[in-house]
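Multiple structures are listed underneath, in structure tokens.
What follows is a pair of complexes built around chain A, which joins chain B in one and chain C in the other.
Showing the complex of A and B:
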């Protein structure tokens, strides 16, 4: 009952201004409410201004500037020209795309398969869930350096297992062909828990009658997955796919820690690694920003798609 | 989630047949063993690796059990890699960031949800817009901002502020909190106002006590994010004495024997594993409820 009167008052704020002093008091009260409101916002606003909004503007400005010995000059498209001519630019994009594709094949398909499997199990559910999510919680340095130890070509665990199974061993991180795949395997182990649990939640929302009906129609296990499970989780699958594309294209820590960033013959140099090197190894903020802007435009395409998709889910 | 009655891909009748039972138990055993091997195995190797001697840890083929237990490797790691300091720094950054996020993001979300000042919606829109910008792309201008904070012209490098303040600019937190605050009934707010409670008082006595679950989710993710962050602390904490675990172990591990590094990694992982086992229910609930529909 009170709610109605309150919300009504909010919409048609000054009810009736019979006498001016009352009106002024109401105005003052309203002003005070707005001021308190902005007072509460102030801390977050300042942080957003300093660490989000201003850097966004500055990123664009810096892409067209060059700073040399403290002097900043406008150079127009020079930075962009420069990075396009850098052979590393193409290396970095090729490697990043390779990482994204490999990471999706592993990091998208594996968690889905695992989630479907876990959803069928009636026992040890929470144990398995905790296990899958455990690496996500570990400090990345621990997981990455542990994998670096496993990858060691002479005494690492992986080559020892392969050797014991009479399979060909690999130079892993030291081989230009295997380095990126090695990075992807480590990254998948570290990150798959999050996706798995989200899929699992989505799978639990599928009404059982659909499976029932499909089974009565004589659908085999694989056809039930294809015609019920996948269509029913399609939206979450596509949203997560896009989020993963955006996230994996920004990969930095894994190649940086596993191969020092570049890897054998630049095989693990990714775009963010290149941004990092431009900015913090060569102090070339202009090129770093220009490359960041290119990255931003590429990812903006994916983000726009994400927004469209998430609208349709609501 | 305890809906054991609803059927999944495979029906109960199928499972209760002898063949179904046999297949189910085989698959279950394989999955449990496989998962333990894949996800717990590396941790076993981490903990036991720290107990091996320098020769044994790089011995070929490796040993499954340490032949002699060297607990002193752990104490060596603790002192050589300055683990106490690194752990303290990590906790200091994580809980500082948590405090800042709780104070500023809760205040902002409360204001946007209940006080609704002029331009509130525009501000919320601008905050949410930042979610569309991939964070690593802004690393260079953010770094320059920390180097010379606008208007105040202070350098935050090597201070904890460089880690604490940027975490406040978290649109996702504000959005989650605002959505939760929106569900607090207006009647309660109006009643509090009639009783003469100030907005701060209403936040403290009505909204916050009702929002415990969401505050828990936000807090856990605030701590975990700082604990896991790498690139940003590496840039803004160049002084080894101020570095958190992730950066410190990596930079201090050069020239240190492999078994000592492994022991250090085990020490670094332990707090997160304990934290996870304590809060796993909340973490997983937060992940599946708030995690997706952002």
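Showing the complex of A and C:
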């Protein structure tokens, strides 16, 4: 046994013996080379530690604390109890899930359809690509103001159009039933350009021969999409879908700016809006952190799924 | 030791040391950086600031450059103040708005507010919870603030906790009924006699809405906590209260509380005098009124300034009447507090400045001749916190330099409705009531009784959590 292990060890050793001073110089050189690289890495790590990880750690700590008259006390699960008892908690989750589902139906399907159309175009492709991307360049507040005008029940564009077509008008953001859908429509318009470009990039990665072969076989546009486009982009699409789920569940800006964060009868109160209200309306950082922690755990589940899927795509 | 392992260990140690230093740097950010507050200064806290004292103090709410006249007045006042106190340096912080609630909350958390910082009357409990204000009881007396005895006690009460004083008022308002005189005339109503009860408001609103062309008779907020704020004002007008006296339980699920919601629901759906556009928030109603699309709403006198200066309306078109019901009018306002850790000299210098700028007849904001010369409005019933000899002097000076039609506010001034401050933890309570108000304005079938009892249990829960 001893002889075998010695010979095995010998096999792993360097073939030639180095001069000790040469070895030290090589080590110094490697150390210098690695330290430069790791030095750069350290900068990024410090930034992440200070601005991403530390706030997360603080959030977890604050979830179990209460601050009153400058004194911070540990309150165990009280903050979590409080948020679970709050009727707005379930309301906000219902609204968030509704937003996510609606945003996926609209925000996933519409940009994908537009990307497929753009990909199929022979002429004016770049021009149309810029046009589709334009709303993303608009500041969100400007877009929101525009949509607030469109949605105005008295003089808004949408109701004027519906009225002209002799169709029933809607109260849009003023209606508890329509408010969330109205927010989703606006959000989809505001964010569609970015998603479309990502889908377009995925579509352009599909080898052209596949389409040519399908065309030679007499496949129509719909058949080409069904048999070539979707199977070829399936994994990337599922990744983007997951990323969209994670992003849409954190929606804040659109409902906050369009409806003040609550909407009629709390119909647009989302989880992040509720976190904001706990922190900045109620000054209750403990409850805000506890709700943030719950959200973190839910989103971590989706993120784990994303990591698993991205490994599959690798 | 294997060279690769040595290399990895060196890098790992360096990274660990870096992270530890980072964590230490992050966690040390909460330490106080304020100046000392020596006992020597506190011993003579009641005395006015010695003009020879050299002290620097930061103060926020300097008017922004978009308000050149107010900014110029601020600079002139500092120059005048420095003639009396040449060694006091005021570091002014430009701010518009003077307080943004979300930013203010963050400032308190980060302890980054100025030495003398602007707050609303409703902020006291938040500031004390953050342990961010100095007790100034020992510094404020008839010598340091000569007009102190004439300041409305209900205003001073909003700045006290456990008998200790934490701030000095700079402005305040009492809510009332704002109305559009132009639309009143067009609807055949007498603009000199605004309605004083909700029944009268409903009748007048119908006549105004009948003008058509998108004109609404009455309007109200129902979003971003302002629905709850106006609900409170309207409840006070009818004699109700939001909480019990000890502030531990909700007290609005009463006939008066129901009347407020039922009245709004009736005006919205039965009378159809409030229009289809709801979920309104500040300054939506002002925008509607300044474009002559709204007849009446509950508001404060400074709304008129906003409608004229920002929205380009005309002073002639607006009038004010007393709060409907007239049992009490919601009272609000703003003040300055002093950052925890301010030195006695900083507190004295701050009080001297606030006294000069905001609490002395003929000076600062009460220099009406200058205000008139600068093209700013004179004659609005605001600030409204003085009584006694100071109020008389104020009224005389105001009348002498009036630039706005003061007669338009005569109905408001003729009835002295007692002021009533906002409930403690107002924003939390308002947020709950927002839902009730927005429900009756957006849902024809809203159940007023259920909305009120749901709101009551939610507010009770909020209050229990705050104990």
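Simple rule for what comes next: the second predicted complex is superposed on the first by the 257 of 314 C-alpha atoms of A that agree within 3 Å, B and C clash if a C-alpha of one lies under 4 Å from a C-alpha of the other, contacts with A are read in each partner's own complex, and residues count from 1 in each chain.
Everything that follows uses one rule, which is that a contact is a pair of C-beta atoms (placed from the backbone, for glycine too) under 8 Å apart; a residue touches a chain by one contact, two chains touch by 3 or more.
In this text the structure is predicted, and so the values were computed from the model without any measurement.
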Partner chain(s) touched by A:250 [first = chain B, second = chain C, both, neither]: first
Quick one: classify A:218 as touching chain B (first), chain C (second), both or neither. neither
Chain B versus chain C as contact partner of A:142, first or second or both or neither: first
Applying the touch criterion given at the start, work out whether A:285 contacts chain B, chain C, both or neither, answering first, second, both or neither. both
Have a look at where A:38 lands relative to chain B and chain C in the superposition and call it first, second, both or neither. both
Give one of first, second, both or neither to describe whether A:153 is in contact with chain B, with chain C, with both, or with none. second
Partner chain in contact with A:168 - chain B first, chain C second, else both or neither: neither
Which partner, chain B or chain C, touches the larger number of chain A residues? B
Between chain B (first) and chain C (second), which, if any, makes contact with A:176: first, second, both or neither? second
Just which bits of chain A does chain B share with chain C as contact spots? 34-35, 38, 41, 45, 49-50, 54, 152, 154-155, 276, 279-280, 285
In the complex of these two chains, what residues of chain A are touching chain B? 2-3, 5-7, 33-41, 43-45, 47-56, 58-59, 62, 116-124, 127-135, 137-143, 145-147, 149-150, 152, 154-155, 157, 160, 163-164, 189, 194, 197-198, 200-201, 203-204, 206-208, 211-212, 215, 221, 224-225, 228-229, 236, 239-240, 246, 249-250, 252-253, 256-257, 272, 275-276, 279-280, 285, 288-289, 292-293, 295-296, 299-300, 303, 307, 310, 313-314
Hey, which residues of chain A end up touching chain C in the complex? 23, 27, 30-31, 34-35, 38, 41-42, 45-46, 49-50, 54, 67-71, 82, 85-87, 152-155, 171, 173-176, 259-266, 276-277, 279-285
Interface residues, chain C side, partner chain A - complex: 3, 6-7, 10-11, 14-15, 18-19, 22-23, 25-27, 101-102, 105-106, 109, 126, 128-132, 214, 222-225, 275-279, 281, 427-428, 431, 434-435, 438-439, 441-443, 454, 458, 461-462, 465
Interface with chain A, chain B side, in the complex: residues 1, 3-4, 6-11, 15, 24, 27-28, 31-32, 35-36, 38-40, 42-43, 45-46, 49, 58-62, 103-105, 107-108, 110-112, 115-118, 120, 123, 126-127, 130, 132-145, 149-150, 165-166, 168-169, 171, 174, 185-187, 189-191, 199, 224, 227-228, 230-231, 235, 245-247, 249-250, 253, 258, 261-262, 265-266, 268-269, 272-273, 275-277, 280, 283-284, 287-288, 291-294
